[in-house]
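There are two complexes below, and they share subunit A, which is joined by subunit B in the first and by subunit C in the second.
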Partner chain A sequence: MQDVRWNDPRTSRYLGKSVPRLDGPGKVTGAAKYTYDMVLPGMLHAKVLRCPHANARVASIDASAAQRMPGVHAVITDIAGAGRFAGQEIAAVAADTEEIARDAIRAIKVQWEVEPHVVSTRRGMRDERRVGRPREATRGQDPESLWSSAAAVIEEEYYCPVREHLSLETHGLVVQWQEPDRATVWLSTQAVHGSRGELAGALGIPQQNVEVICEVMGGGFGSKFGPGVEGRIAARLSKMTGRPVKLMLERYDEQVASGNAPDALMRVKAAMSADGRLIALDSKIWGTPGNGNNSGIPMPYIYNVPNFKTWQAGVSTNTGGARAWRAPDRPPASFLMESVVDELANKLGLDPMRVRQLNQNNQVRNRQLELGAQLIGWENRNKAPGSGTGRYRRGMGCALSEWGGGMGQPCNCDVKIGTDGSVYVGIGTQDLGTGTRTYVGTIVAEDFGLPLSRVKADIGRSSLPVAGGSGGSVTAASVAPAVKDASMKARARFLEVAAGLMNTSVADLEMRDAKVLSKSNPANSMTFDQVCAKLPPGGIQVSGTTLASLQQGGVAGAQFVEVEVDTWTGRIQPIKVVAVQDCGYVLNKLTAESQLIGGVIQGLCMALLEDRKMDEPTGRMLNPNMETYKVLGSLEVPEIVPVLYETHDKVAGIGEPAVIPTAAACVNAVYNATGVRLRTLPMTPKRWFEATETNQ
Partner chain B sequence: MNNFDWVQPKTIAEAATAVKNGGVAMSGGIELLCLLKEHLIEPPSVVNLKSIPGMRSIDVAGSGLRIGALATTTDLAENSVVRNDFPGISQAAASIASPQIRNVGTVGGNLCQRPRCWYYRDPEVKCLKKGGQACYAVAGNNEYHAIMGGGPCHIVHPSDLGSAFLAYGATVVTNEREIPIQNFFVLPKDDIDHENSLRPAELVTGVTVPNDWKGARASFFKSKERESFDWALATALVLLKMNGSTVSDARVVLGGVAPIPWRSTEAENALKGKSIEDSVALAAGRAAVSRATPMSENRYKVPLTTNVVRIAVLQAAGLKAE
Partner chain C sequence: MPEEKSAKGELSRRQFIRASGAAVAASTVAGTLISANTKADAAPTVPAAIGAVDVSLKVNGKAHTLSLQPRVTLLDALRERLQITGPKRICDRGNCGGCTVMKDGKPIYACMMLAVDAHQSEILTVEGMGTPERMSVIQEKFVEHDGLMCGFCTPGFVTSVHAVLQKNPSATMDEIRRGCAGNICRCGTFNRVFEAAVAAARSGRGA
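Now for the complex of A and B:
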């Protein structure tokens, strides 16, 4: 078979065009069945008892009253012998209704031995037993020797708080145990295949005997790779009772125990030459992954710093554990480095955008800066930051990003053409909300010249050919090349049959409008269905695998933000965001742009509102709800201009990178507008007034 | 939430009896549902006031407005008489929560809602208001707490209508008596358990608003962390009576900064006899917070409240606040 290439978007019907999601109508009408919507005959409802203390041992636990409650079918009290954060799972029940399950949880009596706790990074970092092994790196000369010769030096502290994933559909599942050794699990997950092992382990059965189903899901953002503690609990309860068990986390559960992004307390000294080149950087970063593990903030991220010394360490605290959060560690890295570069450039009176171009090598990004500057109207920024009078001040800022977005686990894909004209494509991936199902269908529809409605795209079940988890922006770059491979193999077989029927060569044939046509003789044509009817019994069935030649990773991005600051109330309103994103071959313009817009909105939330607040005296989370853990509402979302910057003809992943630079660009825009540098996120009115007291 | 009996009284007297027997009164149910779900209250019965006819009207009498306790905040925000003659009330009503909540939440419920303090709302924390020994906001995170009138508990009162009614000199009507609004809300130092002076089975049936400030220039300004559904960081309701270009009388009521809607006579005095310009508005703002005693995390509310008053004063005077 000849080299497989992506279809030319200039002549394509679907690929590279804007195609509405296949599951869109179901989602907006409520017809789509989320895990939350699953109701099975005889289904029980499970609830979890959580430790109310930040650090406490279970001295004794008495569940007899819960056991006796009418409607209670099973109680588990051995989940953990201690709670190391307020919210850790201790016991669980399964009952006829959610209400009974809640009452039963409250009837479980636990005697706690409360131990001392620490819930903040600032307190934890003072206790060396809580500070993990530092990661250190150096390059060039010792920065200490270079400060005195630099034209500009800053030494500051920045803080980015713990942020949550805030999936609108909470974590959860429905487990249907089937005697003697099988289970079907409806799970809100980013990995239908990858979740089988943990569930099988909890059930004591082979992985192959577990089917995981996730047709649609309400958000994961990195927090839903496995079934988690709640998944193992539901599995056990289903096996114990022999009945289907539903366990969806409540909002409180979700916010205390289902993952978060570590915070970052960053102390930095950095220097720049008079012509705007970074000379040296010395950074120390602390962050808490709660009772989990840190990965590490890349430093100095995208910038060329000839001389640096970096140090970072995780701080263990009595808080819920961190999980991957959309582009892990890059948003704080960007916030830090983009603030540093901006501060130094402004100190020297240089154009911050030009200074960025001087200090990083990626030519794509440098061109993206030019394009973004043009689209936001960079020449209209506040030339002298902070100049201007009056209550409302406008300003612009920019920031850059780098992300992998390449291939993950290679996937398999089945394509089947029936003698009845039916076309099926199946792959065991899942749609995290990015539009996966739609491009799985359009790739095949494009190759066969069929309307999308004629292709059955089947995803979201672990009984389908294996595909990896949706994380690291690898799904499109892994799934699409496997679909393409299977599609082209099926097409080749199909055209061989057609060529025989039409007395011509395969090379002479093309497919469009559900027809097979001879290029040399337009009168010679057959409908797609006529050819299908002549296929061998059983039709065509082929398998494809991910073709590395169709994918690429390593994507650059540049964003510009214009903000308006109400200097009287400290409220910051984004006016416009331009997001230029390196994105490779575009499968679906509509959903690709949607990923950029979604990333920008999440980045704005990080800039302006998101902040998990832990209370040191009580050890509890103060805002485990969407009343006080805030994200933007529709009234605050500005004009967002997504720019798909196509740099190559291979598919790259872009689910994550757009979230990376937005907050940094906002911080820089606020400085440009007002001359006030906010170094602590989020930029609430509180932070505004605190900064203006010391920093104007 | 616990199971409860559902009581559908036909008269206020029946409702009061049901409440006397341990029930809790429900109007819109927005706040009640929060309290029930978090087990902050566990009443044996819920008494549905909406089964009592005639408590939702907004009437114009010779002496002023009569607002039924079951009028929704949307009813109040959209009533044309309120809009024209008592605009501070309709502005405050329109600022509340979200359209969905305004369509269901009532005037009586808004006045009687409990504090949003995150320690009070946490079912695992036994604070002073719940019979505990400490106000956790003192040593903990008090960024949304009081800068005036606090102690020993440091809540802020969440009622925007409370501010508006206080400014207009309203009276709260109950099944037992009439309570001038300045006697309706109570400070924690006077009653730690309640935010108002209602007796155990006393039910708010309505609010009357006299004509004293009818037609006065008015502005309600609310500062929030976001424009969409959010609670106030600070609010100001300003009423101005003008004699030519000078202020003959003024009312300034602050919200979100004290355990009760907080009338600032200092700010009022800074306005009386003045012709409004930015420096006068700012002076009024500064006067409003002159006796503020911020806590560890809410110092920002002092300059913020200053400007909130400044904005409301300028807007009330018909000037551009910028």
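Now for the complex of A and C:
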């Protein structure tokens, strides 16, 4: 078989074009059924009792009153003997209605032995038992020996708080146990195949006997790989009762116990030469992933620093555990490094964008900087930061990113062509809202010259050919090449049959408008359906696998942000964001752009609003809801210009990278507007005013 | 309290429960049949709720009488009792707008109203505005402009835009943004929601 390549976007009908998503009509009309929407006959509702203390042992637990309540079918009290954060799962019930389940949870009496707790990184880092083994790295000379010879030196502390995924559909599932040894599970997940094992373990049955279904899901952002504690609870309750059990986390549960991104307290000293080259960097970083102490912020991220010393350690606290969060650890790394570079460049009176070009080698990124600068109007920034007058001051900032986005676990894919003209493509991946289902369909439609409506794209079930979890932006780069492989194999088989029927060679044939045509003799043609009718009984069925030659990782990005600061109120309003993103071969322009826009908005939320607040005296989260854990709304969202910067003809993933540099660029824009440097996120009005007093 | 209702268009608890099984078996996503694999004889056994009262609602043109405890929200009545699951439960306290429905012509948060307080009112949800095969203009424009990603907030946004355009069919960008100020999206679809709404307003085909 000849080399498989991606279709030329100049002549393609779907690939590289803007194609509305296949599941759009279902989603806008309420017809799409999410896990949260499932109702099965005889279904019970489960609720979870959570530890109200940050650190407490269960001295005794009495669930007899709950057990006696009419409508209660099962109670579990052995989930954990202690709560190591406020919100840890202790007991659970399954009842006829949600209301009864809530009543039953309230009727469970627990005697707690409360123990001391620590919920902040700053307190935890003072206790060496809570600090994990440091990760250290050095290069070149000891930075200590270089400070005195540098043209500019800064020594500062930066802080980026814990942020939450805030998926709108909470974590949860519906488990339907089927005697004697099978289960069907509707799960809001980023990994239908990867979730089977944990559920099978909880049920004590073989993994092959569990089917996981996730046709559509309401956001994950890294927090929904496994079924988790709630998944194991629901599985047990379903097996105990023999009834389907639905367990969707309540909003409070979601925000205290379903994952977050660790914070980062960063102490940095860095130096630059008079011509704008980074000379040396010495950094120490602490952050809490909850009840663990790992840490993985890449330093000095994308920048070439000839001499550095880095140190970081995780700090264990009595808080909900961290999980992967859209481009894990890169947004704080970017916030730190881009602030440092910006501070040094400004100290020397140099153009921050030019300084970036001097200090990193990626030529794609350097060209992206030029393009972004042009699109935002970089020449209109404050050449002297904070030089504006009046109440409202505008300014611009920029920042860079780097992400993998290549192939993950190789996938399998089935393509079937029926003698009735039906076209089917099936792969056990899932669509997080990124548009996966749509490109699975368009790849096949493109190869067969068929309208998309003729292709049945089947995803979101673990009974389909195996595909990996959707994390690390690897989905498109793993799934699309497998679909392409299966599609091209099916196409080759189909054309062999057509060539025989049309008395010509396969090389002479092309497919478009649901027809097979001879290139040499336009009069010689058959419809797609006519050829299908002549296929051998059973039609064509082929399997494909991920072709590594069709994907490539390593995506660069550059972003520019313009903000307006109200100097009377300290309120920061983003005005415009330009996001230039290296994306390889574009499968669907429309949904790819949406990914960039979405990443930017999450980055702005990080810059301006997001902050998990813990109360040290009680050890509880103060904002476990969507009223006080804030994200951007429709009145704050700025103009966003997504630029798909194609650098090669292979598929790369871009789900995560756009979120990385936005907050950093926003911080730099506030400095450019007002001459005030904020080193703690989010940039609240209060923090802006405080900063004006210390560093204007 | 009567257990069975016979009034036209109303469902008794038992009839409703029977119907709900059928609704699951027939629910589709993007044309995909979700097979529930449930046994027909797995009869649900929801006990008569203590203190339940009758609540009459007209939802998407159909009349229903439900026997509900007073603490049941309008949102839960729609979702759990009627399987009208377009309106989503996300924050459950009036912060996010995912449950927005039209009540007697005005947009409200269905999670912030008890079903008994909606007695005898007319409710319109995204299901009543269009179907995947016959979408409303607003729904069509949302799809065309990609005003959705994961789609969980989308019914709320569609309803808010519906409310804005109902008030002013040629609403401006500013009016649309204000009309959506009570809706939260986490994937970051705002800009394209606004584009879709403006396109719907310009189409001159109403809400």
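Everything below uses one rule, namely that the second predicted complex is superposed on the first by the 693 of 696 C-alpha atoms of A that agree within 3 Å, B and C clash if a C-alpha of one lies under 4 Å from a C-alpha of the other, contacts with A are read in each partner's own complex, and residues count from 1 in each chain.
Just so it is clear, a contact is a pair of C-beta atoms (placed from the backbone, for glycine too) under 8 Å apart; a residue touches a chain by one contact, two chains touch by 3 or more.
Since we're looking at a predicted model, the values are computed, not measured.
Superposition of the two structures on subunit A shows subunit C fitting alongside subunit B with no clash. Of the two partner chains, subunit B and subunit C are each touched by A:L635.
By the touch criterion stated above, A:A558 is placed in contact with neither subunit B nor subunit C. Within the superposed three-chain model, A:V670 lies out of touch with both subunit B and subunit C [touch as defined at top].
In the superposition on chain A, A:G599 contacts subunit C only, with no contact to subunit B. By the touch criterion stated above, A:T684 is placed in contact with subunit B alone, subunit C being left untouched. Residue by residue along subunit A, subunit B and subunit C are tallied for touches, and C comes out ahead.
Rounded to the nearest 10, the angle at the Cα centre of subunit A between the centres of subunit B and subunit C is 50 degrees. Residue contacts after overlaying the shared chain place A:R620 against subunit B, while subunit C stays out of touching range.
By the touch criterion defined above, A:L432 reaches subunit C but does not reach subunit B. When the two structures are aligned on their common chain, the gap between the nearest CA atoms of subunit B and subunit C comes to 5 Å. 627, 632-635 are the residues of subunit A that lie in the contact sets of both subunit B and subunit C, per the superposition on chain A. By the touch criterion given at the top, residues 18, 20-34, 36-43, 70-71, 96-99, 166-170, 176, 178, 184, 213, 215-219, 221, 243-244, 250-251, 432-435, 437, 456, 458, 590-591, 593-594, 597-602, 625-627, 631-635, 637, 639-640 of subunit A touch subunit C in their complex. For subunit A in complex with subunit B, the residues that touch the partner chain are 52, 86, 103, 106, 390-392, 568-571, 608-609, 613, 615-618, 620, 622-623, 627-628, 630, 632-636, 684-686, 688-690, 692. Of all residues in subunit B, only 2, 39, 116, 118-119, 122, 124-125, 136, 139-141, 143-144, 223-231, 233, 297-300, 303-304, 307-308, 310-311, 321-322 touch subunit A in the complex they form.
Within the complex, the subunit C residues that touch subunit A are 17, 20-21, 23-24, 27-32, 34, 36-38, 40, 42-47, 49, 69, 71-72, 76, 79-80, 83-93, 95-96, 98, 125-127, 129-133, 135, 139, 142-144, 146, 148-155, 158, 177-178, 180-181, 183-194.
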